[in-house]
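Scrolling down, you'll hit the structures one after another.
Paired with chain B in one complex and with chain C in the other, chain A is shared by the two complexes that follow.
Let's turn to the complex of A and B:
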């Protein structure tokens, strides 16, 4: 039995959905993760434009790309690539890390 | 060991809170342990499956498989919680009252239990898959620190169970008369919070782009990553930077629950229901 919230959510998606291609062009940032480190660990991007991280995990175990300031959290399985979308940001420094390994850290500078 | 303890506890914490609430909600229903235990078990099995196929899941929908999967299972949980509330508004009287009818009530009670078992399963699944991935990674990498990690993970799990029991016994201290209103409110806010979380996942997947302006930033007051923030996040869906769409959906779920309970509930002045 469909409940009203579900219907409302579906309707909202149907009415408001903007397909990814129509969305504002995102700045792409490529990272690799190997031996428990981000490469590169310092990245930058322009302000007021959405950002898409592409994280390639070359290690043999899963990692979780996480950042509280970027509001993201995503598991990237061993040997795969994960895409993480981030909304347009104000200038500043945003730290990210591997939630499964607190030694792996990096930062995004938005200017 | 501490790292494993913290990671496992942080994941189990949310599931512990939810299971505690569900246990309190179903306090008077017969066979509830069987159903909830089943939900936990099914959730744990599903978590292992999801963990095993995370790579494949991620590749779906142009790399947004995880986000959409999370949004869908949260949607299921929201539906189940709402359905439970509406069902309770309709049948709650005879269930909560002393004169619990046996035959019909038990049969119907198990319908509502199934909904809540699904909710428990979803909670365990969401948190458990990360624990499984993390522990698997540790087990696969080095044997030396394996034991201390296992101990850390186990303590984390026990602490999570402690959260569940604390929530349960805390709620059970509430007098039965007020308990129904309390749990109805809790379940409604839980559902609204999960719906807002589902919106966040759809936004991350770029499936939902409208009204995605952040309305406020209360991170300076209660950070979402702090213990208080995490508790509020689970219980009422607190997020320190909600978007317009999240707030809208949150309000819509609360309103819809209220209206549906009004529509299906017994007509005479029903104050316990109205507080929801």
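Let's turn to the complex of A and C:
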């Protein structure tokens, strides 16, 4: 009888990565996207804490905030703001970019 | 005379030619510093070997993937299985895939197999992938665990009507050897299955093996490489009744056409094999002389 709830709990942990670190308050990183560039393009955050990117797109067309190493993507329509939640990260450098504009790059340094 | 060896060379040459076409057609990219390239999703860059990538949270993808198997000991043998697949990534650690299988069998004069010329809806599958170790700028290794239950109504090898249940379990690992440039991939495979034939027989078997692959990013959107597979076959799910093994080797190609569309091509030829109790070269009872993979994917 214990087996099913245990399996369900394991599945929930795997899918949603429920962990003590995610109960922590996320480090918020504010970015603006203007004239095809991120401002600031180099940001930093502490290790082992979840991160919330708040991206304000000031351009007149949509952008897609994307990162292979952060494993996130989100389309932010022109003139709107998008929030991207990222898991607690290990120390390192994580690049991000606009998938619609190859020249728009930035990086997050986690220490 | 239309056996697969010349065909294998032809396909290998074709893969290399396609790769060269893309590589040479992009001279400006060749001069670029690989550090300026975007990071790469590694799942599909190694041919039959699967990389550790699980996609991006929220990403959805539709893919069509055809696997072809060609050449037995005698006669003419060609079989394909095509996956029509939807995959999505609900979290930053999990990827889920599911879809339908279509198959074709063109068999003539092969000992132990009925002649057949058919196309059919073959079954369905699902795959669950969990990223166990993630790559960072300080750690080049990434490891994903995957399970893929599959149900078939058409036998993969013979094309006969059956009820087949397969449970493929794999460890997919890869290493970034040179940043944005050179990658190594490794798979460990355990694939038990049970098959019920139309006359009521039940057959249990399993495949066990592993692979190693290298993939070089020659320009920002093209990778070429090679892989080697060692596969063992058992007439029991618990790996107790060994029947033969084989080594397969071949080139791989990955081309990213746009940020949302890519293709994968690979060709493997059996270069060594043995059948227990049959002193012949190669194992063409449980494996094929050649196999090919062609995949197209659209992300959205």
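Going forward, the second predicted complex is superposed on the first by the 89 of 111 C-alpha atoms of A that agree within 3 Å, B and C clash if a C-alpha of one lies under 4 Å from a C-alpha of the other, contacts with A are read in each partner's own complex, and residues count from 1 in each chain.
What we mean here is this: a contact is a pair of C-beta atoms (placed from the backbone, for glycine too) under 8 Å apart; a residue touches a chain by one contact, two chains touch by 3 or more.
The shown structure was predicted, so the numbers you read here are calculated from the model rather than taken from an experiment.
When the two complexes are overlaid on their common chain A, residue A:95 makes contact with chain C while staying clear of chain B.
Of the two partner chains placed by superposition, only chain B is touched by A:80; chain C is not. The larger set of touched chain A residues comes from B, when the choice is between chain B and chain C. By the touch criterion defined above, A:61 reaches chain B but does not reach chain C. In the superposition on chain A, the residues of chain A contacted by chain B and by chain C overlap at 16-17, 68, 71-72, 74, 87, 99, 102.
Note for the complex: chain A touches chain B at residues 1-6, 8-9, 12-13, 16-18, 20, 23, 60-62, 64, 68, 71-72, 74-85, 87, 99-100, 102. Chain C makes touch with chain A in their complex at residues 38-41, 54-59, 89-94, 130, 134-139, 259. Touching chain C in their complex are the following residues of chain A: 14-17, 66-74, 86-87, 89-95, 97, 99, 102. The touching residues of chain B, counted against chain A in their complex, run 3, 7, 54-55, 58-59, 62-64, 66-67, 75, 78-79, 82-83, 86, 129-130, 133-134, 136-138, 140-141, 191, 195, 198-200, 202-212, 214, 223-225, 241, 245, 249, 252-253, 256-257, 259-260.
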